[in-house]
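Okay, so chain A shows up in both of these, paired with chain B first and chain C after.
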Partner chain A sequence: MGRSRHLLVAAGISAAVLSTGAALTYYEGALPTTLNPLYAAKMVDYRAQELVFDRLWYHSPINNELESRLVQSWELTEGGKGIKLELASGIKWHDGKPFTADDVCFTVKAMLDSGTPSPIAEGYRDILAGCTPESRSTAIVHFTRIVHNPRERLGFSVLPEHAFDGNTAISPDLEFSARPTGTGPMKGSRGTRGVTFQSFANGHHSPQVGQMQLQESGDPLLAIKALINNSVQGIIEVAPNFRADVSASDELALKSYDLRSWWFVAINSKKAPLDDRRVRQALNFMLDRTELREKSIGVKPGERNSPCEFISGPFVPSSPYYNRSVPAVERSDQGQAEALLKEAGMEKVGGRWQFKGQPVSFRMGMEKSLDNEAPDILSYISNQFEAAGIGSQVYKIPPDNWTTEAITGHLTDYDLLVGKWSFGQVEDVNELFYTRSRGKGTRNIFNYSEQEVDRLLAQYDVAKTDTAARDAYHKLHRKLAEDLPYLFLWKLDTKSAWRTEVKGNTIAPYYYFTQFDSWRYEG
Partner chain B sequence: MICPNRWWAGLLLLAIGCSPPTVTSPDPAGSSADPGPDSVAADAAIPGGLVGSAWPVRMSDDALRGPFESHSGWAALLMQRDYPAALGAFGGDAPLAVGQARIHTELAAAYRQALRVGANATVQVYGENRRDEDPAAVDCLLLVSYVLLGVDDPSADRLQACQRSELEGLGPHAAAWDAWRGSGAWPPSDALAVTAGQPGPPTAGAMPDAGPLPHWRAVDLVEGLEVQLASPAGLLGLALFHEQAARAVYPQGEAAISAMLAPWLLPGEPAPAVSDELEVPLEFLFGSAMLVPADLSFMVDVTRGSGAAAVDTWKDRSAFASTIAPCVDVAGGAVDVPCVIENAGRAFDQLRTAMEIRSGGEQGYHRPFAELGRVGTIRAAEAVAEAMGDEQAMGLLRLNALDLSIGTSAEPHYLLSIAAWDAGNRNSSRASDALHAQVGHIPGVEVARFPLDALHVRLSRESAPGVPMH
Partner chain C sequence: MRRWWAQPLVRAVVALALPFAVPAIITLLIWALPGSPVSIICPGCDGAEGLAQRWNLDQGMVHFYTNWMGGALHGEFGNSWRVVQGVPIAELLGPAIPVTVTLILLAMVPLFLASALAGLGWIPRQLDPLFQAIGLVPAMVPALVVYAVIALRFGANMADGPESLTAKLLWGAIILGITDGALSGAIVGTRSLFDNERKQQYVVVAQLRGEGVLSNTLPNVAGALVGQMRGRMLHLLSGAVIVEAVLRIDGLGDYLWRATLMQDFGLVLAAATGFALVSGAILMLQALIEVAVAWHQRRAPVIPAPGVV
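Presenting the complex of A and B:
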């Protein structure tokens, strides 16, 4: 053991005893909005739910094999339009009741019930046709069509029928969202200051961590200090600025978290003068992303192996959906910006842009927790606009409000909103850009609507071949880079930091705690 | 116990024959007589004598390290794994041929791993996940991929199916690789002669790309849209180019080059003999994830020789073997992962302590250098687990090594080997990210992107529905 390690561990032990006892505590940028898997809107929701629930099938974070803790065996039926599941025995819900085929079928029916206003359920309605419990341990899930690799499609968390009294119309705001009953390794309870998890030994789970606390982190520097002092044992998302500190510590380990995330500034294209595409394009040229990235994330110009790479459309650059022929704007070009603004009828008076005789000023917001990953990003963006002659007022939006108001299209009094979207294997962006109507565009922040974009999204939806799907998204990328409902900023890698007393902490791509049974805390 | 007088005497001898920026090896076998400090003996994972021989400890001497530090080629290689810049910096500087050979060797390893990425992705997308839309041309690429991976093709009629493709040159390409299968000839010159994107004759300091891409443009059988195709075999020519360039520029290092490449060879390639007395210049180890020359021999033995039994054979000579030996149950066929992680951490501490003693205090480079030793140890255990068929342990060790493979420890050939594993496991997201990260440093790896992109699109369209999360 290194010498400096002795000192830090000694300091850490006392802190741990005083603040956390034997429980493992970790920081998230925000608290989960809900523990009900049907209503996950934030990655923190998914991560917390992964501890409390079991998904029917999941991918092993070690070798990516498709595995199930709930299903013992399966076979295709109905010529491939159904799958018969023989459930594992001895599994109990957290309230002690047995897990049965009725629960699997209840979950399928709840997702198919139009009274369940869940975007996640909506995604399954195209594939799932129903479910029939054949016995307590056997269920047949019916598909709307023959699908390749049907088990891959069954990645949903299973809900307990008895917790909803069999009512398949599930509302997002039930008590269940705060104190759910699952079959996962931990029983979870959401309070106002955090989520408490208590281990629950089960036929299919043997968690080695007895208690765990999810807390909301504040200032990222203080969060790192708390980690070093052993007041908390993990931080899910460590800002790139602090990663070197983590790497340089003997007590901390930086862990890869595979998540495809990209950042943006959504533009309210319903409001003048932003309803003019030339104004949006001017803003795109005003932003100096290289400077923003350097100041907020700490990436020097020309630095190789950066965790942060500029984007020109709604995908990460490593994705096949990313159209690599559309260049990203890396540096500002005030000349082009000015020309576009003038073309749009704006004039510059005393260094300030005016529209119809009034100084232009934007109301800008950002989900508060993003400050943890890209400190002061909102201020830096605002400063760049100010320097270019556009005023702004900035507001940090509490995460819950972001979920309930921003992504539901209700923050229309804002002009610009800075945000981040995260994806797993599926990089479907249709919900972000479809015209909001009839169950589509459920995450369209400013209710953007453009006919050609809708056409391309529909093309992707109905694509018969991979090539057609990819072509549709390449065209979408190009179209969005021109029309700019978003200013696309960058993709940013995600890294976690855990104290080295936390062992066996394999992190699953996207879902994070899938392999939680192997986690140990030797603090 | 450290022997500063002997160490400094050794350095004086070195100084006589070496003036910066020319670098030569002080002692090919390492200063094995220089034991580690007593202070680490109780916690030792590596025997004391071996600690002193490890390149991070040897390089903790300013005089020995100085010429490397002041050379932009080494800085570009170690700090950023920027191969084009590093090769450019070494170019035309004959005394630095070893550095150039080292870069060419790493590139030769990297291109082999990129080939595996492409071949695995091809098998997964067009073999395991074949769809009605796929053109006949994919049969040709499947055939070639199975051959390159040394895997039996499940279809006996593959070549016949391939011949239905009318794409120019694709049929002969597949036929040539089919003919090479099992011939034992190396290199597969006839097959490479009909493989697109082959570089010219090996030239030290050059870094050719993969030529025009895609190699072929087919149309899908459902909608008639363009499908872009590339043969992973195109990457073998680039791998051989760099291997031959390394051997040409530094012929004295023949054995060291072979040993360094051994873990990364493709099925069908002749493996080097395991050497008891491998001579490895310091430049070949410096900044690598190998600590002492015997670690190279140990890795050759594990991956191309006696497998897990090599741990016992090499535990007194190889830092890796000695560190992981307590964690390996050869008879039981298992590797104890927590034990490996713990022991690799102890080896890391040992190296740092020994470096501090050598340097007379803590220096900024100590941690990253020692980290390479830790990563290398875990990777060695991973190779042992693989040789034993302990896939769970292998996977866990691989993930642990991946977490530590940042900054100086991020060796592209290793990261690409993980991408190849991921492509074979249908983990297309991580594989794509890893490949994308290398495209700027090793442009030819772009070839592997074609099948990997196809795999990712196919898997993403067959996954459970997902919605964007914030």
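Presenting the complex of A and C:
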């Protein structure tokens, strides 16, 4: 074991030395807000952090097995309420200091410290009780209860204790957020216009790309042109309407990125008349998703292998949690919609719906960057509501405001918000629908609250088997499809484009760069 | 009798007060906005009292302002909240100030040339409609076109490459210098100033004595010229925000724009103070030139009135 590890180290160092000087550059829709894994909020944050840090456990994109580069062996202790980790040897932080059990325990303690105001840490506080370093290479992580999947619960990135001088209260505005120290394949540094990554040969990583740059793409058309001109070598998300251009080029490769993303229209169920479930159901019948998909994304009727599949609940159709017995609404049904609105006490005067004598009009918003993937979607939705007799004003919300205002439940002056959620292997939707209180429901957009939904989410939380978790989420799916805090739209495939000079670029679901060691750039 | 030193003094006082007043106004705005500033630094965070304390946001705006001002006087502006979270603001703005100053100075070149030529009467009036038509073009339009060209030409190197920065600065300066009425304003403004002065009796007398027009008029219009130039520089400074933001030039204007959009108030405060300092410096320069002109005029020989012995 020791010998093979030394060989691995040697191979890693050789690869780093031999790697070409040419920098690989790729475009993201936006720059990461932070490189500190405790404060990741957007997908671009997670992807960039995956290059810099190692998560304790991760799903291999090759065989979907749960693997770890940091843990050599493990065993359950305390009757399942603890897990003893034997750490791999020869791993160094980017500043050359050795990786030890103290770092694992520091990370756990930092997440448990109330002085660390991290929404991600908040999510772990329910399950983690503490950590004890037994030796330099052995740590015991304690859980608050017995969990059926202890390793899956330890998917956090490990932070270096020495970078914080042992202070477990970690705030987001520290310099670490821009120039972190990790154990991942690349050393990252956030600049004003991008992030620079430099390879770092380590005991457990042997990156073959010497230098990499992340930059913000701006206009999608210019981004595609830059890719064709070889000014950049990759684009993480290519909008459906540009995919034909990429496919037509011999020098570019279109690659699937399993992001498990689904689109929705969140409904402000705290505001009248949307607080009436029948009105929400009527809106669900007003939307003609087939037409929306055709006009905005360009999916032809009856097209096979469509990048866009309709959904009826908060999961992608390929997910084990997706309840197939709940049908998706694909076409509008104005008759049903009208009947429901009348039942809810609304009346149609001169072709416009009125509620308590006032014409009904909704304030609708959408995260601006979604327009790149589904152009003019907000206008098409608004047009469909207008045609059905409901007025609307539409607004595009900048990505940062979406993170700071919408996700945190502060855009309550809106009636409807169009958005997209993305998930990895674990499609935990609890934070989206839990009643907001004491660290729960941190992504509940309109502060939706429903007792039965909370009960089902709690049932998923305490599930000790995969079957129990699946049962809870199947019921949740049905309940949400009835109660409609969201109008569920579709799952939209995400595709990346890379130049063919970039080889071995296995794209991991969600985190993207999990297998970065196999990437090569022959430019 | 009007005191010659009153106006320069007022300018000097305003110049000194600006860097203190601007952060005070922004602090007022931060407190006037709905929600907690801490929620901007850390969206969705519960229990961010530590952050509020670190940023002096926990004891009212006077406490915040005095602490921020105290730090700023020592060059300590804290770290960026959102734009480049965690990076010291001084580190961001240090290189940004020379970039913006270079952009403004480059943009002043066509304005100086046009002003000089117009003052000498070498630019035909018939061309005025052309300059005015060019001046109607908003800076945003050519900036967007240039951005597209540079993005395609430099691609990934657009952000950091020195070659692309030079191209962006040169094009940015040209755009700033001629659009939004900058060039036409310089030509028409300077020409009308000299035209009015040339009508003065003393100039006619000087011409009859065989003296040059420029040497006579220049000292008298110098104050007004500097005033116009200050106005133009301020105009360029505000235009620089648009040009830097569109062309992605890492200057003061771009930071101010991005920081405002992202509500990175630490950076907004520092960048706006940077602008206030530049504006204050120009104001101070105007005051000094006014003093110099007044000094020059007072040292001129006094010609006794006819009949006075």
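The criterion applied here is as follows: the second predicted complex is superposed on the first by the 422 of 523 C-alpha atoms of A that agree within 3 Å, B and C clash if a C-alpha of one lies under 4 Å from a C-alpha of the other, contacts with A are read in each partner's own complex, and residues count from 1 in each chain.
Methods note: contacts are C-beta pairs under 8 Å (C-beta built on N, C-alpha and C of every residue); 3 or more make two chains touch, one makes a residue touch a chain.
Predicted, not measured: the structure shown is a model, and the values here were computed from it.
Trainee: Is A:222 in contact with chain B, with chain C, with both, or with neither (first, second, both, neither)?
Mentor: Touch partner of A:222: chain C, not chain B.
Trainee: With the two structures laid over each other on chain A, which partner does A:183 touch: chain B (first), chain C (second), both, or neither?
Mentor: neither
Trainee: Where does A:41 make contact in the superposed view: on chain B (first), on chain C (second), on both, or on neither?
Mentor: Both partners.
Trainee: Going by the contact rule set out at the top, does A:119 touch chain B (first), chain C (second), both, or neither?
Mentor: Once the two structures are laid over each other on A, A:119 reaches both partners.
Trainee: So, does A:400 touch the first partner chain B, the second partner chain C, both, or neither?
Mentor: second
Trainee: Quick check for you: in the superposed arrangement, does A:147 touch first (chain B), second (chain C), both or neither?
Mentor: Only chain B; A:147 stays clear of chain C.
Trainee: Once chain A of both complexes is superposed, is A:423 in touch with chain B (first), chain C (second), both, or neither?
Mentor: first
Trainee: Of the two partners chain B and chain C, which one touches more residues belonging to chain A?
Mentor: B
Trainee: Which partner does A:296 contact after superposing on A: first (chain B), second (chain C), both, neither?
Mentor: In the superposition, A:296 contacts neither chain B nor chain C.
Trainee: Following superposition on chain A, which residues of chain A contact chain B and also contact chain C?
Mentor: Comparing the two interfaces on chain A, one with chain B and one with chain C, the shared residues are 41, 119, 403, 407, 442-443.
Trainee: For the complex, give me every residue of chain A touching chain B.
Mentor: 1-2, 40-43, 45-46, 59, 61-65, 119-120, 123-124, 126-127, 147-149, 152-156, 247-248, 253-256, 258, 260, 304-305, 316-321, 367, 402-403, 407, 419-429, 431-432, 442-443, 464-471, 503-504, 506, 509
Trainee: Flag every residue of chain B that touches chain A in the complex, lowest number first.
Mentor: By the definition above, chain B touches chain A via 43, 80-82, 129, 131, 133, 220, 222-223, 225-227, 338, 341, 349, 352-353, 367, 391-392, 395-396, 399, 402-403, 406-407, 410, 422, 425-430, 432-433, 435-437, 440-441, 453-454, 456-470.
Trainee: What residues on chain A touch chain C, complex-wise?
Mentor: Contact set of chain A toward chain C: 25, 33-34, 36, 39, 41, 114-115, 117-119, 122, 169, 171-179, 190-194, 213, 215, 218-219, 222, 225-226, 229-232, 398, 400, 403-405, 407-408, 410, 439, 442-443.
Trainee: Chain A touches which residues of chain C in the complex?
Mentor: Per the stated touch rule, the residues are 35, 39-48, 50-51, 54-55, 78-88, 92, 148, 151-152, 154-160, 248, 250, 261-263.
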